[in-house]
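Look at the two complexes coming up: chain A is in both, with chain B in one and chain C in the other.
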Partner chain A sequence: MSGYFALDEDSRKDPAGPLGEFCRRLLDEGILDALLVAQHIPDSSMVQHTLVQSPDKMLAVDPVAPVLPVNGGVLAARLTRQDPGGKVGAILRPCEIRAFFELVKLHQGDRERIFLIGMDCMGTFEPPQYREWAKANPEASGRFLEAMLSSGEPPQGAPPLRRCCRACEFPTGEGADVQLLFVGTDGGPCLFAGTEAGETAVKAMNLKNVEEPAKRAKAVETWIKGRIKSRDELFKEVESEILPLDRLLGELSSCITCYNCREVCPACYCKSCVFESNTFEHPASQYLKWAKKKGVVKMPTESLFFHLTRMLHMSTSCVGCGQCTSACPMGIRVSDIFRTVARRTQAVFDYVPGRSLEEPLPMTTYKEDELSPQW
Partner chain B sequence: MENRIGVYVCHCGTNIAGKVEVEKVAEYAGSLPGVVISREYRFMCSDPGQEQIREDIAKHRLNRVVVAACSPRMHEKTFQKTLEKAGINRYYLQVANIREHVSWTTEDPETATKKAMDMVRAAVARVPLHGPLPTHEVAVNKEVMVVGAGIGGIQAALDIADGGYKVHLVERLPSVGGHMSQYDKVFPTLDCAACIGTPKMVAVGMHERIQLHTYSEVEEVSGFVGQFKVKVRHKAAYVNHEVCTGCGICQEKCPKKVPSEYDMKLGKRKAIYTLFPQAVPNKPVIDRDNCIYFQNGKCRACEKFCEMKAIDFAQQDRVEEIEVGSIIVATGFDQMDPSIIEPYGYGRYPNVITGLEFERMVVGAGPTLGKIQLKDGSVPKDVAILHCVGSRDLRYHEYCSRVCCMYGLKHAHQIREKIGANVYMFYIDMRCFGKGYEEFYNRVQNEGVILIRGKAAQVTDQAVLPEDEGRLIVTAEDTATGEKVYVPVDMVILSAAMEPRVDAQQTARIFNINRSKDGFFLEQHPKLAPVNTAVSGIFLAGTCQGPKDVVDTVAHAAAAASKSLALASKGVVETESMISWINPEVCVGCQTCISVCPANAITYNERRGISSVNEAVCLGCGSCAATCPSGAASLKHFTADEVLAEVDALMGA
Partner chain C sequence: MEDSENFKIVAFLCNWCTYAAADLAGTGRLIYPPNVRTVRIMCSGSLDPMYVVKAFLEGADGVLVGGCALGDCHYTSGNYKARRKVAVLREVLDAVGIEKDRLWLRWISASESGLFSETIQQMTKAIKAMGPTLVQGRMIL
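Entry: the complex of A and B
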């Protein structure tokens, strides 16, 4: 048996169709008790994660809609940290699965308690741009998928992909029980059962076993190659244009300390951030001392320290989902900066966040040679 | 509460004052906010120095004290006691280390003075934030474990048991006795080792408060000072020692002979064996790898002849958990295998032997019944003794093994006395520093031993003169005359170095203790804490800490015993107050702290979804506080507030 299964004959034009049917059957046939899946919000073009328990509430399922309002890794963690009392599944993008894996390693979620459905991710738009575009374009997701698969670019008139998505070298649903495949599959999406649980599920649904799509491996390779090229251009650009210290200070100086980046970051898992404590509230005289030292001090004083601390705490777990950049009201390229820095911190420990649950978090282990430069 | 800080700048003789202008530092300290009195003094740690602090606390109503002196490792406890005596909490003290961090490490006096001021300013900024930490006591389990039953372990066990406390004496071999039981005589008095050693071995076996665990090894140590839990593996002896009378018939009847490790393979033992006739306990064990029954299922001769039906081929290893209050590690040394020193030909020439092999040869009850002989059974006419084999040699061990000069001289004496052969000793220096050692050296010199001051270059069988054919030739440069010497002999004894046990690293890991550069276990302080380790409640005795002779081993072991006795007799031990704390309101239960805690002091509470610190086990290292991203884990006395106040003050003049 190949591990590959046909999803449904038809229609690349309306992936929501067969995908919706697949999701409905998961609940209908008792394979899952509840499914976390992106759906259109009634009376809105926006798409959000929903936890569906009743098959007849699977009305506007659209997991391929190019928008990621919330990194669902956090939601998956929330659903599994304790026993959810039922069989829960989730359709997640690769960066969501990888974030979830990081959270599992941090004991914030439990992989055993969730059935993961991954997918080939074509990338996403900035949420406000998506909302506007989708409003004007019915069946937007189908058109988007079609265009991405044929040309590698969003359809005419659509907004550009987020920079983080273009630089993402992990676009497939690795680590999931079942993966939805679009790339190199010829004639509609198909499924790949990546784990025993995945195989048991698709067999229970009597899906038709098919050969491994002949063009798949090559197509994925080319696809990832393009992403890596774009990623390396990003690193180069950020390293020369933002990371030099004076530039970095400039970029971060527009921060309004709203902490949105932290709120949306799936790797920022603390119940209460150290920046919410009184650690950085200083005696009034201290501020004057600082001001006196250089003649002037920027207020509040801790904004730069906040970004550096967050970088220190979570850059090894940064999966590059880009939520921080999307959430920043000041347009700071938080994600681009973090990914570029994280590339080095991750290289030091030979660590790829979310790659495998077997890989321990760098801070929890010690290897004699781990701090020797790797770049 | 108003800050009333006293600052005390120590000269440390000229250690600090020779570089730092202490008067200026004290004057500067007086100008800092909250400081009501600042002084400098020659030795703050002296009685008058401490008295001054106490006086000032009373007179100036000080509520915080900063001492700018040496490392807090040296005198933090001293000054904490000073504060306590004066009636304020000991943790209201902060030490600014202006000796190790300033005067000893900063070249320029002006820079040093400025740096000392910076450090005092930082301490003054931090000390008002200090909270009064409570102190706790935990009960000490009065039983003690001694690991290794050589002369060091035996001495420690006897001292503690005689002091009234129960001892678990663990030995990996089937008998107590260690290396000393292998020797014939011991320098400088030439007592017979058995005559002075055996009574102690018997005493250990008979003592009502010593529980022997021979043929046993420590596998795991957990817990902390006062409350250690030790897992000991009792290896299967395949002989029921409860019923065995030690009659010896099994050994007589066992058909399988193997070279005896105890006799340095100069003699044989059986597959069922005791180490030596005076073994304690005098009960045999079966060497499974060599037993015919275990190898091919036949034989069982021992079982057939054992009247007590003590043979038990089904016996299994048994792991026992023993709880003790303190542990003495007395695991001894290995003699270096000199075959790696290729020019000396050990392993290549049969009559090149080690000192320990000679000991077994010269022992009356040994494999040659005390006959000093060559491999062909003949008596040597000329013997060379080579000193510093593997010791004082950068290629092998830089250290001096401390015993070889003396045992080499003893061997020379024994050869002269027993067979009258010519003895040539090749040495670099004669290090005879103990009581009666120099006298012994003189005595042996007067016995006609030929001393050649020069390290032997090589041992060969390449005779130059025809009459030396078939003999061993030792060449060396006699540094006293500058001449090259060429000495034909029949036997060469290599005074091989003492080494750390081959599995010392594993032992260190089990006990969580450190090793020094030479590989021996590291004492807490080479002079002032020679039996302590970095782990409170684990002590060192004898050669596991470094080369020692019997004299020093016994003294070292008695010192270790006194440490265990002190703990047991006081019955309680104060736990560290500067330990970690996890704020349950902030903890998110990620358990990263657990993975970095070296003491296994943190546990996760599944029900509450948070982690918490076991205060008795926490070492206060701060790894958890450093790793916890939300700051839920913090180290008392090193809280973020305290450290940041210090940093802020350091950064801003």
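Entry: the complex of A and C
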């Protein structure tokens, strides 16, 4: 038993076809009661997560569509925080799974209550760009997947991949019960059962056990190597061009403190953020004191402070999903900045967010013998 | 007072040890530079790191976090947690160009008023040598 299984009658040109069939069977055969999966919204080229209970409502399932309007890790947490009252599954991208794992560790969700289907993620576009491109391109997801697999680049005429996706070194569905594999699998996608629950499910579906795809390991290694190269270029660029305080002030100069980056951040789970509290509601005279002290004060006064605080509070859990950049109405490269800083804060504790449920969150634990005795 | 003497160190001191040491330094009439501004907190581990950043953004030249000696925390493990928070702070501050050596973490027990006075003297000297932070003279957003 290799753990690898073939998908039936699949063709790479129409990935949504067999995946649609696979999803339908999960519900039809009672393996799951409900499935969280990305689908085309009726009368739109846009794709959003949907929770499907009825197999005949899987009209336009498209989990490989290169767009991530919402990090589904948050949705998976919402579905598992209490007993959902049925067997729930979710097809999620790697950054969504890793975000979900962080939320589980933050006691916002429960891994035991969900059947996770992961996948090789080729990356995503900015949602508005995806919507326009997919509108003009029927079969957009199939074309995208084909182009990415053959050339490593989106098809001609398509928008560029989001920067965070090009720099993502965790593109496979680690941690899921079942993984959808596209890379290095000759003759169409196949499945990998990563857990006992996953194996039980694919066996119940009578999927054919196959050998480990011969080219898979090597292909994944090359793929990840390319991502790491791009990531390191990103770090270098951000460190030299954005991070020094004078440059950072420039980058953040257009911040309108809308807090969208926090709203969409899967790691920012607090029900009420300190920046929504009255902690920084100052008496009117305080502003004049500041203005007097410095000669001038920018108002509202909290933008740099807000971003630095978010780095302190949650950068150790930043999975680099890039939702903050996509949500920024002012085009600030929030995610690029956060990943670059988060790499450093995570390295202190040798912590990789979402890697394992066994690793405690760095800020919830300590060792007596670690770090420096003092600074 | 000359401008070069007019720098500020904000000290977040735990109620049970370092604050008591600072208090004892006062009653014992120990001398230390007047550049330090003390904020009493219940435990070094209860310090939200954002207040350290806030201090720097408001113009502090140095920040001291003081707690009980490792293993002696009044709440068992608060100072170990404080050390982790300071480790994150050092990275974030350094990443944006506020030197991490401006942030000191020291364990000074309630009876060590001499050590408290010495620490402030050393820190004042070190921070003075570093000059003003990048923050000063800039309009901070």
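In this section, the second predicted complex is superposed on the first by the 366 of 375 C-alpha atoms of A that agree within 3 Å, B and C clash if a C-alpha of one lies under 4 Å from a C-alpha of the other, contacts with A are read in each partner's own complex, and residues count from 1 in each chain.
The rule we apply is simple: a residue touches a chain if its C-beta (ideal position, glycine included) is under 8 Å from a C-beta of that chain, and two chains touch if they have at least 3 such contacts.
Quick caveat: nothing in here was measured; it's all calculated off a predicted structure.
Annotation: superposed three-chain arrangement on chain A; chain B versus chain C shows a clash. Taking chain A as the reference chain, the count of touched residues is higher for C when chain B and chain C are set side by side. Once the two complexes are overlaid on the shared chain, A:313 sits against chain B and chain C alike. Once chain A of one complex is fitted onto chain A of the other, the partner contacts of A:243 are limited to chain C, with no touch recorded for chain B. Once the two complexes are overlaid on the shared chain, A:185 sits clear of chain B and of chain C alike.
When the two complexes are overlaid on their common chain A, residue A:335 makes contact with neither chain B nor chain C. Legend: residue contacts after superposition of the two complexes on their common chain; A:71 is shown touching neither chain B nor chain C.
Residue contacts after overlaying the shared chain place A:363 against chain B and chain C alike.
Contact with neither chain B nor chain C is seen for A:124 once the two complexes are overlaid on the shared chain.
Once chain A of one complex is fitted onto chain A of the other, the partner contacts of A:345 are limited to chain C, with no touch recorded for chain B.
By the document's definition of touching, both partners, chain B and chain C, reach A:274.
Within chain A, the residues touching chain B in one complex and chain C in the other are 274, 293, 313, 363.
Per the touch definition, chain B reaches chain A in the complex via residues 585-592, 595-596, 604, 609, 627, 629-632, 640-641, 644, 648, 651-653.
Per the touch definition, chain C reaches chain A in the complex via residues 48-50, 53-54, 57, 59, 70-71, 77, 80-81, 83-92, 94-98, 100-101, 103-107, 134-135, 138-141. Across the complex, chain B is touched by residues 81, 106-108, 269-274, 277, 279, 282, 286, 289-290, 292-293, 313-314, 360-361, 363-365 of chain A.
Residue ranges on chain A touching chain C, taken from their complex, read 239, 243-246, 248-249, 252-253, 255, 274, 293-294, 296-298, 303-305, 308-309, 311-313, 315-316, 340-341, 344-345, 348-349, 362-363, 366-368, 370-371, 373-375.
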